[in-house]
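Residue numbering begins at 1 within each chain, and the chains themselves are lettered A, B, C and D in the order written.
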Amino acid sequence: MSLGAPSVLEVNDLRGSYGPVRVLHGLSFEVHASEIVVILGANGSGKTSTLRAISGMISASGSVKLGGEEILGKRPEVIARRGVAHVPQGRGTFAELTVEENLRAGAYTRKDPQIDTDIERWYGVFPRLKERRGQAAGSMSGGEQQMLAVSRALMMSPRLLLLDEPSLGLAPLVTQELFQRLGELNRQTSIAMLVVEQNANLTLKIAHRGYVLEAGEIVASGSSAELAENDEVRRAYLGM
Amino acid sequence: MTLFVQQLLIGIGNGVIYASVALALVLIYRTTGILNFAQGEMALVTTYVLWQLTDSGVPIGAAVPLAVVVGFVMGALIERVIVRRVEESSALTVVIVTIGMFLAANSIAQFFFGSDSKIVPRSIPDKATTIADVKITLQPIALAGLLVLECLVLWLLLQRTKLGLALRAVSSNPDSSRLVGISTGTMLMAGWAIAAALGALGGAAAVSGGEALDASLMQRLLVFAFAAAAIGGFDSPLGAVVGGIIVGVANAMTTTYLADANNGVDWLKGITLVVPFGLIALVLLFRPTGLFGRRVVERV
Amino acid sequence: MKGLPMTTRRPTPGQRVSARRGRIVGLLAVVALFAAACEGPRDREIDALGPRPTVPGQTTPDGSTPGTPIVDTSQCPGDPTTGISGDTIKFGVSLPQSGLYAAFDEIRKGADAHFAYVNEQGGVEIAGKKYKIELEVLDDAYEVPRTTANVNRLINNEKVFGLFNVVGTKNNLAIRQTVNDLCVPNLFAGTGSPAWGNHEFPFTLGTLLTPYPLEAKAFADYLKENDPDATVAILKANDDFGKAYADTFKAQIEGSDITVVAESDYNPDNPDTKSQITSLAAQEADALLLAATLLGCPNSLSAVRSTGWEPLIYMSGTCTSKTIIAISGDAAADVISVAPVLDPADPANFDLPGMALYREKVPEFAPDLVEELDNSIVAYGWTSAAMLVDVLSRSPAADRFSVIETARSITFEDIGVMIPGTTMSTSAEDWFLGETFNLVQYSLADGFFKVISDGPIDESGKTAEVAGDSLVNA
Amino acid sequence: MRRDHFVAGAIGAVALVVLLWVPQYFDADQTRVVAQGIILATAALGLNVLTGYNGQISIGHGAFFGVGAYTTAILMNDHGWRWLPTIPVVIVLLAVVGALAGFPALRVKGLYLALVTLGLAALFPDLTKRFVHGVGGTNVVQPPTVSPLLRGEVPGIVSTPKWAERFVDMDDQWRYYMILATAIVVFVIVTNLVAGRFGRALVAVRDHETAAAVLGVNPRRIKIAAFSLSAVFAGIAGSCAVLQSGTANAEATEVFQQSIYFLIAVVVGGTATRVGPVIGGFVVAFLQEWLTDWVNAIPGIPDWVSERPVLTPAFFGIALILLMYGLPDGLVGGGRRIAARLRRRSTPGGTTPRTAAT
C-alpha cells in the first residue's frame, strides 16, 4: 500500500495448520520499514501460529514476502539467514549454555567482525546480562531470560524482529521497562518489529499500527491510536 | 606392590579403550539424545578398514588417521541415510533401529572382510622400561596420552569453536537453534560423524598392541563401554573418561585379587563381570544420573 | 476383553453378548480340531520309540566276544537306511556360519572339497554299491538352542542318514540324547571333550583332535622328562574346556616334584588376558599351561612376552592354526603343543602322499580355498571327511547300525593328512579316536611346528583312565 | 465403540482356532517355530507391562528367562519333577528375583536403568558357569524327561496323557498345546490387569510420576510390581523353552539376544497395546527362523548373497530398520492409524470443524 520501498513483510492469504487441524484462515497484513506492528489476540486466536508460519516452523500456504522475496515453505534456518529473528513464546533460551554463549549463538550466521562489539552493546542496553555473562542462562529469572532472548535475536542483526508475547510471565514493572527499551531500539535502529501480544495498552503505546486476530482471522486493523479508540478492542483487551 | 602398579597400568590401558567408545556414546547422546547400540560395531567396521589399509601397504602411521576419517564420513552417512528418518519417533523406536544397525554392521563387516582373525601391525611399539624394578610397557602410557589428547581436542572443539557452540545449542534446544539459523540436520550429522571418529580411535586403540582383530572385537567391550558411560553420567564427556578408567581398573583388580583362582573370594572365582556392574549399581544408587551427569530437573 | 467372567455382578448386556460369543469360539475350536484331518506336511505315522538303548554289560575281560555288538540297536526306532535315496547318502551338519564364530565354517569347506573329490570319482562304495555323499548344512551361530532345532530338523525333515562334524562341546552335548534315542550316528563331533567317552551315548563319536586330558598328560610327561621339579602356572578358560586341562594336569603331576604355583581363570567371551598373565608372571613359574581357545591363545602369548616372563609354554592344540599363530607373531616362539595330523604349512610334508593329494585336490574342488591351503582348520575338515568316507567304505551294509558299529571298532591309517605310520582306532573299551599325536614345538625361524617327540606318541585306550570318571561321565 | 469390540473378539477367536490347528497341519519343525513365537509372545507380554505401560526400558530380561529355564530344568533333571509343577515355583522365585532387580529402578531412570539391566544379562551366564553343574561339565542342563522325541515307559516323561490321545498323537504336539495353554493364561491375566486399575496406575507413573504420586498412586510399589510381573512372565517363557527344546543353557551372546528379541517384539508389535506383544512375538520368531530362506528364495538373488549365511543377522537387522520406518508405533499402532484413516474417509462430509488453536 505504501509507495516507498516495498514493505519489510507482506503476508497474503496466510493459511497455517498443525497436521490435519487448520489454524490460520487466510491472514493478510504487512509491516513497513522501521515500523512496530502489533497483532492483538486472545489465547488460541492463532497469534503464535502466525509467527511460526512466518519463520517456517509450521506448514502454511498463501504468500509471505520478506523485502519482496517469497520465503514461505523455506526451512526455518534459511528464513533466519534471510534476516528474520524470531523470539519464540517462552523465550527458547539455551538453558545449558552461558549467557554469553546464548548471545554468540544468536550471531551464528554472521561472518562480520563486529560480533564482540555488538555483545558489549547489548550488555550496555541490558546491564544485568553482563553481570550474569558466565552463568548458565537457564538459572536466570523470566525477565532476564526475556532480555537475553531479545538481545540474542538482535545479535542476528535482522531486518525483521518477531516477538511472541514478550510480556508472558513477567512482572508489570519489568514488562514496562522491556517495552520501553523495545520502543527506543526501534527509534535508534529503525528495525521493523512484529509483536503478537495480549497486553494491549503497553504494546499500543509503542506500536505504529496493529491488527486484531480472532480464531485465526483478522477482525480489525488500523493505527495504534485508532485501535485504542475501537470499542471492541477496548472491551476485549483494555478491560474498559 | 609392583604387581599392583602393573595391574593399574593394564587397567588404565583397557580403560582408555572403554573410555573412547563411551565418549562416542556420550557425544551422540548429548547432541541427539539417542543411545547408539551400534557404536561398537561401527568402530569394528573402521577397524576392519584400518586392517584393509595396512594389508594393502599403507603404513600404520597413515592408516590410523585415514580410518578415523573413514569413520567420520561413515558416521555422517549413517545419520543422514538411516537415523534421520526416525529422529522424531519415540526413544524405543530409535533403540530398535540402532539394534538393527548393531546386527547388520557386524554381519556386513564379516561379509566384506571375512570371518577369520586378522593381524594389524602394532601402532604402539612394544617397548618397556623398568622404573623402581616395575616393568612398565609403553602401551598403557601411550593410550592414556591418546585419551588426554582426545579429551583436549573434543573440549576445544565443543567449547571454543562455532561448530561446538552449534552442537551444544542443538542439544540444548533444537527449535531455538533453527530460529538462529543453525541447521539441526547438519549438526546431528556432525555429532554422529565426530562420535564415529572417536569410535574409530577406540577401535584402533583396541588393536594398538598387536591384539587380534576379529568380529567380536568391539562386542566384548560393549558392556564395559556402556558401564563406563553409565558410571560417568551419560551427558558428560568427562564422566565417560573417568567412568572408562574406573571400569578398566576395577576389572584388572577383580581379576587379580577377587576372582583369582587360588586366593580370590571363592564364589567370585572366574566371574570377572561382577565388579564393573557392582560398581554401576553402587554409583547409580547414590548418583542416579552418574558421577557427572546433569540432574534431570522435571518441570512439573 | 471383559473382566474375568467369575465376577458375580448381574451380567450387563455387553457381557451377555460376550458370553454368546464365547460359545461360538468354543464350537469353532472343536470343529477345527476334527477338521484337521486334511493332509498337511505333518507326518502322521510315528516311529515307535522303545526305551533308550542300554549298553550291554561289558564283555569278558579278554575284550568283546565276537558277535555281541558294541552298540545295542535292538530298541532303535525307524528305518536305519533313512537318508539313502537312489545313489546318494545324505549327512547333516550344524555348525557356526554366522555370528562371532563364523570362522569355524572353514572346517565344512575343507570337508566339502573332499566329498566333491570323492563324488567326482563316482562316490563311496558301501557293500558293493556306489553312493554320492551329500551334505545338508545348517547354520547355528554356535548357539545351543539353534543346534538342537537344526538337528531335529535334519533328522525329522531332511531325513539325513547321520550327522557329521557338529562343532562345539555344549552343542554336541545338547543333541547327544536325541541322536541316541533315534539311533542316528553323530560322527566326528568337532571337539576334544572327554565326554565322548561316555558309554551311555554310543551314537556320538569324538574327533581325531587329541582329547584335552591327553594334552595335559603329554605336557606333564614332557615336564617329568625335561624339568622334573618345574613350577607351573595355569591359565584356563572358566568352563568345561579349561577344567578338563587343569584337573587332568594336577592329577598327572601327583607324586612328582612338579608343583602348580599359580592358577587364573579368564572368560572366553572376553579373551583379553593381560591382567591374568601379569598376576601369573609375578610368580615367575618355570612353565605355563595355557588352556585357552581362539583369541585367548595369541592374546596370552603376547601378554607373556610383554611381561618379560619367559616360561616354557604349553598351548592347547586347538590354537595351532596358522592364522592364530601368525597373530601371536614372535611371541609364539618355542611354544609346545600337540598335532594329531600333519601341519599343512610345513613344506617338508608337501610331498607326503596324503598331503600331496590334499594340496592338489583342494584347489581343484574348492577354488576359493586356495590361499587357505596351509590353514590347519581346512586340512582338519578334509581329513575328517576322508575318515567318514573310510568308515562308510568299510561298513558291511548301508544302514545306520552297521555304520556306527563299524565306526566304533575301526582303525584309520594314512587317511587324509594323518601322520604317516600312525593309526587312530576305536574299540569296545576305547571310545576315543584321536589318541595318537606328535608333540610339537613352534619354530619361529621356519614358521611352523616342528615335531619334538621322538616319533608319534600313542596313548590309545588310555584317555578314559587319564581323564577319570568325573570328566568322562559328567 | 461396540463394533470394534466385536471385531476384536472375532479376530481373537479366529487366531485361537488357527493356533489350535497348527500342530495338526504343520510338521514338527514348523510347529516348533510357531511355539517359539508363542514363547516370545509370553515374555513380550510381560515386558510390555514394564516397558510399554510403565515406560521402564529393560534389555536384561534374557536373565529372568534363563532363571526360569534353569529352575524348571534343574527341578526336572535333579529332582524328577514333572513339568507343570515347576511353573508355580518359577512364578514365586521370579516374583522375588524380579522385585529385587526392580529396586535400582526406584533410583534410576530410562537409559541408566536399561544399562543396569544390561549388566544383569551380562552377569547371568557367568553365574551359571560358576554354580550350575550340567551335562559334561558345562552349564547345559538337559532333563531326560523332555528329550524332544522321548515317550512311553520312561518315568516322569512329559508325553501325551491318555485323555488327550484322541486329539494329539505326537509328543511335540502335546508340548505345543501346553505352551499354548500357558501363553493363553498369561495373555488373559495381563490383558485384565492392564485394563483395570493397575494398568491405569502403570500409565500414570509412566507419564507423570509426580502427578501420579499426588493422586495416591504409590510409584515405588507400581514400579516394583511391574518389574516383578515382567520377570515372572519372562521366567515362564523360559520354562516353556525348556519344554520345547529340552535344554537350558546360558551364553553371553544368547542371553543378550533373548533380551533384545523380547524388546523388539514389544516395539514391533506396538508398545502399550494388548495384542501388540503377541503379534510382535510371532513376527520376531518368523523373521528369525525363515527370513533368510525367504530372502534367498527371491528369484534373481545373486548367489554371492544366497551362498553367504554370514549375512543372516544383516537381513534381520535391516528388516527391523525397515519395520521401524514403516510402522514407528508398531504393527498394532500402525493398524489403528490405517483403520482410523479408512474410517475418516468413509464418514460423509468429513470436513473438520474449524477449531481454534494457538
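By our rule, a residue touches a chain if its C-beta (ideal position, glycine included) is under 8 Å from a C-beta of that chain, and two chains touch if they have at least 3 such contacts.
Given the structure is predicted, the values throughout are model-derived calculations rather than measurements.
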Those chains which touch subunit D and also touch subunit C: B
Taking each chain's C-alpha mean as its centre, the one farthest from subunit C: A
Intercentroid distance (Cα basis), subunit B paired with subunit A, Å: 44
Length of the line joining the C-alpha centres of subunit A and subunit D, rounded to whole Å: 53
Approximate Å spacing (C-alpha centroids) for the pair subunit B, subunit C: 37
Distance between the centres, which are taken as Cα means, of subunit C and subunit A, whole angstrom: 76
Subunit D: positions in contact with at least two other chains: 126, 129-130, 253, 310-313
Residues of subunit C whose C-beta touches two or more other chains: 98-100, 102, 105, 238, 267, 269
Sites on subunit B touched by subunit C in the complex: 2-3, 6-7, 10-11, 13-14, 106-107, 110, 115-117, 119, 126, 128, 135, 137, 139, 209-212, 214-216, 219-220, 251-252, 255-256, 259-262, 269-273
Subunit C to subunit B touching residues, read off their complex: 98-100, 102-103, 105-106, 234, 236, 238, 262-267, 269-272, 274-276, 278-279, 282, 294-295, 298-299, 302, 305-308, 323-324, 326-327, 329
Subunit D-facing residues of subunit C, complex: 1, 3-4, 14, 17-18, 21, 24-25, 28-29, 32-33, 35-36, 38, 40-44, 46, 49-52, 97-100, 102, 105, 139, 141-145, 148-149, 152-153, 156-157, 169-170, 173-174, 176-178, 181-182, 193, 195, 198, 238-240, 243-244, 267, 269, 471, 474
Parts of subunit B lying in touch with subunit A, wherever the complex brings them together: 162, 165-166, 168-169, 171-173, 175-184, 294
Of subunit A, residues touching subunit B in the complex: 55, 57, 75-77, 80-81, 85-86, 88, 92-97, 101, 104-106, 108-109, 152-153, 156
